[in-house]
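Going in written order, the chains are labelled A, B, C and D, and every chain counts its residues from 1.
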Amino acid sequence: MLISPLMGLMVLLLLKEEQKFLIRAVSLVAAGISLGLAIFVFVAYDKSLGGLQFVEKYEMVKTFGIAYHVGVEGLNAPMLLLTGIVIFTGVLTMWELETRTKEFFIWILALVTGVFGVFMSYDMFMFFLFYEIAVVPMYILILVWGSTRKEYAAMKLTLYLMAGSGFIIPGILMLYAASGLNTFNMLALHGVHFSPWVQKAAFLLLFLGFGVLAAVWPFHTWSPVGHVAAPTAVSMLHAGVLMKLGSFAVLRVAMYLCPEGFHYWAQLMALLATVGIVYGVFVGLAQTDLKYVIGYSSVSHMGIVCLGLATGTVDGLNGSVFQMFAHGIMTALFFSSVGYIYDRTHTRDIHELGGFSKIMPVASAFFITAALCGAGVPGMASFWAELLVFIATVKVFPINGLLAIAALVVGALFALRVVQTTFFNTPNPKFEHFEDVSPFLGLPRMMLIATLVFFGIFPQTMVGMIKTAVIPFLQGM
Amino acid sequence: MLVFNHLETYLYLALVLFAIGLYGVLARRSLIAILISVELILNAASINFMAFNRFLAPHPAVGQVITLFIMAVAAAEAAIALSIIVAVYRKLKSINIEHATELRG
Amino acid sequence: MNVMLFGPELYYLGAALVFFFLTLKRKPEPKADYQIAMALGLGGLLVTGLCLCQHGELFFKAYRVDLFSQIFKFALALGFFLVLTICHNLPQIAERDQAEFYLFLTTTTIGMMLLVSSVELLTIYVALELSSYSLYILVPLRRGDGIDVEAGIKYLLIGAVSSGVMLFGLSYLFGATGSTYLADILPKLPQLASSPIGLLGLLLALAGFFFKLSVFPFHFWAPDVYQGAANQVTTFIATASKAAAVALLLRLAILGAGYGYSFTKALVILSIISMTLGNLVAIIQRDFKRLLAYSSIAHAGYFLIGILTLKEAGYIAAIYYALAYLVMNFTVFMVINEVAKDGRDLKIQELAGLWRRSPLLSLSLIVGLFALAGVPPSIGFTGKLLLFTSAMSQGYFWLVLIGAVNGTISLYYYLRVIYCSYFTDDPNLGPITISTPIRFLNYALIAIVLGFGVFPDRIVELAKAAVKTVL
Amino acid sequence: MGSCDPIFLSCFLIVALPLLSFAVIMIFTWRRHKLSLSISLTCSTIPLILAWSLFYKLHNAVTLAKPIITQVNWLVSDAVIVPFGFLLDPVSLLMLCIVATIAWLIQIYSIGYMEGDPGFARFYADLSLFGMSMLSLVSASGMLQLFISWELVGLASYLLIGFWYEKFSASEAGKKAFVVTRFGDIGFFMGLVFLTFFMKDLNIPGLGIFDINGAALTHKLSEAQVTLCALLIFCGVAGKSAQFPIHVWLPDAMEGPTPVSALLHSATMVAAGIYLITRLFPLFAASATAMSVVLVISTITLLLSSTIGMVAKDIKQVWAYSTVSQLGFMAMGLSAAALGGSTLFAGYYHLTTHAAFKALLFLCAGVFIHHFGTNDFFVMSKDGGRKLMIPMVTVTIGALALAGIFPFAGFFSKEAIMAQLWHLPNKLWVGLGLFGAFLTAYYTFRVIFVMLFPRKDDNPVWKEYYVREPGGHGHGAHDDDHDGHNGNHGVPWVMAFPLIVLAAFACVLGFMQTGLEKFLLGESHPHEMNYLLLVLAVGSALSGIGLAWLDWGSPAAKWQGFIRKVPVLENFFIQKWYMDHFWRWFLNTVIYGTFSRIFTYNDRRVVDGGVDAVAFSTIGSGRLLSFLQTAFVQLNLLFMVLVLAGVGLYLLMGR
């Protein structure tokens, strides 16, 4: 799975800028393969067995105990699936890209390689390495193919995340040093019982570091700006997958390795998460740029994820991971539909748009679906996730839980406001002539919706998978 | 003449020389003068070596050898420095260090 | 005595002679000179490669040949050769001086080679001076508007002073221990560190080495020289001489093993200051080489991290990073040389539209800069992480934290450069043609920077062995 | 139980088919109207048949005490277990039939009503979606499943209200409906969350409705717990069934096509709230506090809405407010029954009858609107509404039923509720109930009389009442393509047919009282006829009608509501008790004005500003430090020496 994007990347390097179709085809194939593998893994994973499967291991630096050690379990299988879907649809979405196509797909694939790596690695060193690989191409992607205020956004985003890594490195190394095992292998480190101080410090560092990428309040400001600036597929990947890296890392590294630290800081996590949820929707209410709106909704939804993590209960973690997945797909859908409209109209100001259901019913149908999903309407994947998270939260942190639930009203208002102003009312004559989504371009969106609805109707397929990992995970803590 | 039979004397002498040299380097504006001050620093070092060698080194020759080496090196240094100074003079029509202020920040 | 032990040095001595004769010719033939130089450089690489596994002692134990020294000699030879590869046109150096240019390049290489394997104060001093003086001459060799001589004189002054100071310090060390052999001196260091005279000696002695490494506060020469010297010379200073300095410090540290707490603390402070200062000042630079000068100051701080851990892991990391730094820094400078064909100082803005003018160069630039910034999957990232790891396992938490944050700061100005090269465009700048060897050089460098970044095992094992031989 | 079980299968089909049709239409056939129509019709007919067949198969088999529960696990997390299944007992069975029937009738009716509308297929898709969610709501076995369908119903109503989305008012109304009901649902959801834990403590996972009621009956749940949950859940009820103070969305919801108003916003969906109370009747009954709250709120609702109904000029508005009031009435009945320790029959009975006659009223209104292209019944009257025979007759029947006149359905159900109220120790409630009945009769017949006895065209009253906005105000874009055949033909058959059926229901349902009661409760109480109450009730109704006659009907009447005597009150009523203003203010000032603005400001200035500040300070410090690198080499040397000396001193000290 790691290899397929790399292969595609290599092939792309050889191709000429002129052969646009070939380039796209190759990257599509690469993405397709990884998607296929992801699905395969998801299906072939033996739930009854549980634990780590499809393990590959290879010593890299014996002196420092660094090893390439990947595997699949209930936690990352959904993430892999998510990544596969999003990259595949993302490539399809960017089919129309004309400028510097080759470089674009090269960087995209590089990014995806990193993402897969992070999700699968069980070696902190490789984990961090892939993490950075996933983060850095963002800068170039936004800067070259981005839109509004891209220089500022790209620089801000990159520096923000790098500052995050500035916290992560000491955190990781602290654990490495404190263990005295001279290994970066998480499974091995998990066995070690670190002193409370180390755990607290390391957890805080890691949480802050990764939290930046998870857009935990108040480290979220990069995300709306970044989303706005980034080109469609990048926004999809970024909001859909990259932000999950953050939360996933908090789960996989921080919570996994320093449970005591987690219990010590859980209150803080929950607090920040709640603030993020409420804050996100309220700020989103005031936005007029479609992508800003979505950006802030992501802030709010990622808040839900963190809240779920903070509870540290089976339900909470199930919900949280499920929410990562659902939100990933949902946001991808959001951005892809917005991207489509933006490519046509070259505006994202919701007051300028309007009546789009008349002009391009399909495109707006996509957006509306996403919006409803964001508002937590049942029958969509995210509903279940939020249900689980909230129930778990009310049990552990009643106040935060109730606040978060209350935020749902505003969330609904928030989503509907956008839908109404953008897609209902009388159409703006300026855009009347635009044609609707072609079936081919509609395909990726359809895939996304299908995923949302499928897991909305059969949540057990997902939760069952996640549970296999979560329960031992919590017992380990 | 007991004073001359004490290590300290020579050390202090060297220290003073060193200080003078340092001061010269920092205070004088003429490149030549600065160069001379540097030589003073080197000489201070040589005196130290000699003194130490004379008073408490097991192997009598070492200090002198070192000093010889230092002289040679100093000579080379002087040569190179002078050549560069000449170049400076050609370019800036002056050997005042304060006129070389292109590079900053 | 076994010639092979002294092989590289002898070889380069011969090379120096050859160049010396070339300087004597009536009418200069730059092309021929260049070809000879390339040939000799390649040969040197081979010789040092062959002598890699030598070990023994020469000149009354004043000169020690072991894997450690040989690795660095190889690195030096590599640096020398690499610099030669980008000397195919020396617009900044008068044609009749070019032979001398090669001559002094060779001599300074010799000096550094001596430096890395000398274990006796006087030898160290002489070797140091040999390498420095050649550089003093190389810097103002550039034809130009006077900033070269200014850089040269400043370099000379600061260098002379710090070497004088070092010498003074060495004299105290000699006095305090009565010996000039590191092997005798360093065991005595612990009690030296308690006696004021020894302490002073040690401190002053370190001045010289720090000067070479351009550690704060001995960094003042770096920006001016980097900017003032010809690009090729700067390249050499930035790559090879750094490696040599690291080697020397490592040897001191390795033999030293225990400086006492307060001393390491002083080192920690110095390293923190130099990396922070270097990075902060680099942010506002306009001239690319000057920017790199400040980044080199910052990197000096990183090197110190590895050294001051005084543990095997730290030394390994330092060696690894020194080699890495040589390669990645060279990558960047190579790009500079290619972009500034006429050898001018490159403003960052002048990189505009590089992605269009020469995609390959822009790619190598990105790779090199990201490597310097410590972004994976690059040799720089791995090296930095190893350094931090070693420091962390010694409990230097804050050092690591600051180092990591510094990484972020540095990323800012590297990104600014990338931004200029990749995203701004200047229509009236034509495409850049690069010769086939350079093209392959590019490929090779990128491959090395990325490859050894992901699979650092070989290098690490090598470094480990080297450290073992010295311990 | 596995899904092989035939009952489960049929229930599953009932629920699944409409969903299927929704999906199919939305994805594939949304451009082909006829095809979509046929799909949707089939997918609503089969459930109809299945529902009735189930009814016949099981109507003896099940009782409230031992229902048939058939379910599979939908989601199994740790504490959260969501079963998916069906709970079949008399209540749900009957409701299932009602919903299926009315939904089917409406679909028939809409063939005529929506004919030629550009969004025809979309309309049917949404209807199917609604059908599916409503049916699963009715038959849900677990609270969470019920909640999910509850939300879906809300979604469907949102889509249907905002059906003519080009119209700002329509989309606005849709948004309002969704958000306001959401507001209530949050309470509902919280209630469920708490309930989850309470039940978990009794280790009864899955929130089975039956289990909950069992727990409530056997007092496993403490008084406080029950009260908390009941009140929270009632928030949901209030939202969905438009109880004070969050009733405001329902009148606006009339922006939707009239069949929608008939189906969702009178007969079925809004009744879902009341239905929920009946579902959880034991739970509610177990907490007197909760029930008295319900009683108060519902009474307020009753009065408020009927007073507003007196002054509305839009026929749909009138019916809407009457719906609100009737819902309040049902809630009163249930709460009174709970407090009086009686059964849920009265309220539920009124629910069924109301479903019939209110749907009828709306459909008639729909016919008029469709015909005259306006919602203002004064205009209708002037343009000769009385000429349309069938709707005129049926609407009168409906009105009589609504007013509670013997022998129409409304009479019996209202009687039943009155009886419950009568049993309450405090006679105030029954008084208010009677007053409500009086008002109801009054505004209902205000409409009827105005429609029946229009004035001469030269009559001055028209100056006040005959204001016909161009384009009509009922269903904007829609009636443009229908003005063509205004008046030139009577009522299309597909539209007349449902009217007649419903009218029949409205007539006969009343006499099924005992049968229904027997079916619902297993046994029917002997009715001690309370003549005083009877007289009072009928009297109030009749007096209402009489007053209406004086004000509007009789030739002498000068078409001025008696309320005109008290202008303040009238204005107050016309302004709908200023509820809308209140919410609007709340939204603008509190939500947007305060929180949103503050947070946004904070985000821009404080959070983001802080970050930028850090960045700039970094650069600034760089610029500052760069002055260290002076051009004067000697200064640098000096600095160097000083630092060296400093370090030296430090070492000497530190030694």
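The definition used in the following text is that contacts are C-beta pairs under 8 Å (C-beta built on N, C-alpha and C of every residue); 3 or more make two chains touch, one makes a residue touch a chain.
Worth saying up front: this structure is predicted, and the values here are computed from it rather than measured.
Asker: Can you figure out the chain closest to the middle, judged by Cα centres?
Answerer: Central chain is A.
Asker: Averaged over CA atoms, how far is the centre of subunit A from the centre of subunit B? Could you give it in whole Å?
Answerer: Inter-chain centre distance comes to 65 Å.
Asker: Could you please state the distance in Å, as a whole number, between where the Cα atoms of subunit A are centred and where those of subunit D are centred?
Answerer: From the centre of subunit A to the centre of subunit D is 37 Å.
Asker: Nearest whole angstrom, what separates the Cα centre of subunit B from the Cα centre of subunit C?
Answerer: Subunit B and subunit C have C-alpha centres separated by 27 Å.
Asker: When the centre of a chain is set as the mean of its C-alpha atoms, what distance in Å lies between subunit B and subunit D?
Answerer: 98
Asker: Two or more other chains touching the same residue: where does that happen in subunit B?
Answerer: In subunit B, 22, 25, 97, 100-103, 105 touch at least two other chains.
Asker: Residues of subunit C that contact two or more other chains, please.
Answerer: As it turns out, subunit C has residues touching two or more other chains at 153-154, 157, 161, 165, 223, 284, 412.
Asker: Counting only residues that touch at least two other chains, what does the list for subunit D look like?
Answerer: Where subunit D meets two or more other chains at a single residue, that happens at 626, 629, 633, 637.
Asker: Okay, what are all the chain pairs that touch?
Answerer: A-C, A-D, B-C, B-D, C-D
Asker: In their shared complex, at which residues does subunit C touch subunit D?
Answerer: 153-154, 157-158, 161-162, 165, 193-194, 196, 199-200, 203-204, 207, 216-218, 220, 223, 260-263, 265-266, 270, 277, 279-284, 409, 412
Asker: Mind pulling up the subunit D residues that touch subunit A in the complex?
Answerer: 26, 30, 73-80, 144, 147-149, 151-152, 155, 158, 162, 165-168, 170-172, 174-175, 178-179, 182-183, 186, 189-190, 193-194, 196-197, 591-592, 595-597, 599-600, 603, 607-608, 611, 615
Asker: For subunit B, which residues count as touching subunit C in their complex?
Answerer: 11, 14, 18, 21-22, 25, 31, 34-35, 38, 41-42, 44-46, 48-49, 51-53, 56-58, 62-63, 65-66, 69-70, 73, 76-77, 80-81, 83-85, 87-88, 90-92, 97, 100-103, 105
Asker: For a test of understanding, state which residues of subunit C touch subunit A in their complex under the given definition.
Answerer: Within the complex, subunit C contacts subunit A at residues 313, 316, 355, 366, 370, 375-377, 381, 385-386, 388-389, 392-393, 395, 397, 400-401, 404-405, 407-408, 411-412, 415, 418-419, 422-423, 454-457, 460-461, 464.
Asker: Which residues of subunit D touch subunit C in the complex?
Answerer: Spelled out, the residues of subunit D in touch with subunit C are 618-619, 621-623, 625-626, 628-629, 633, 636-637, 639-640, 643-644, 647-648, 650-652, 654-655.
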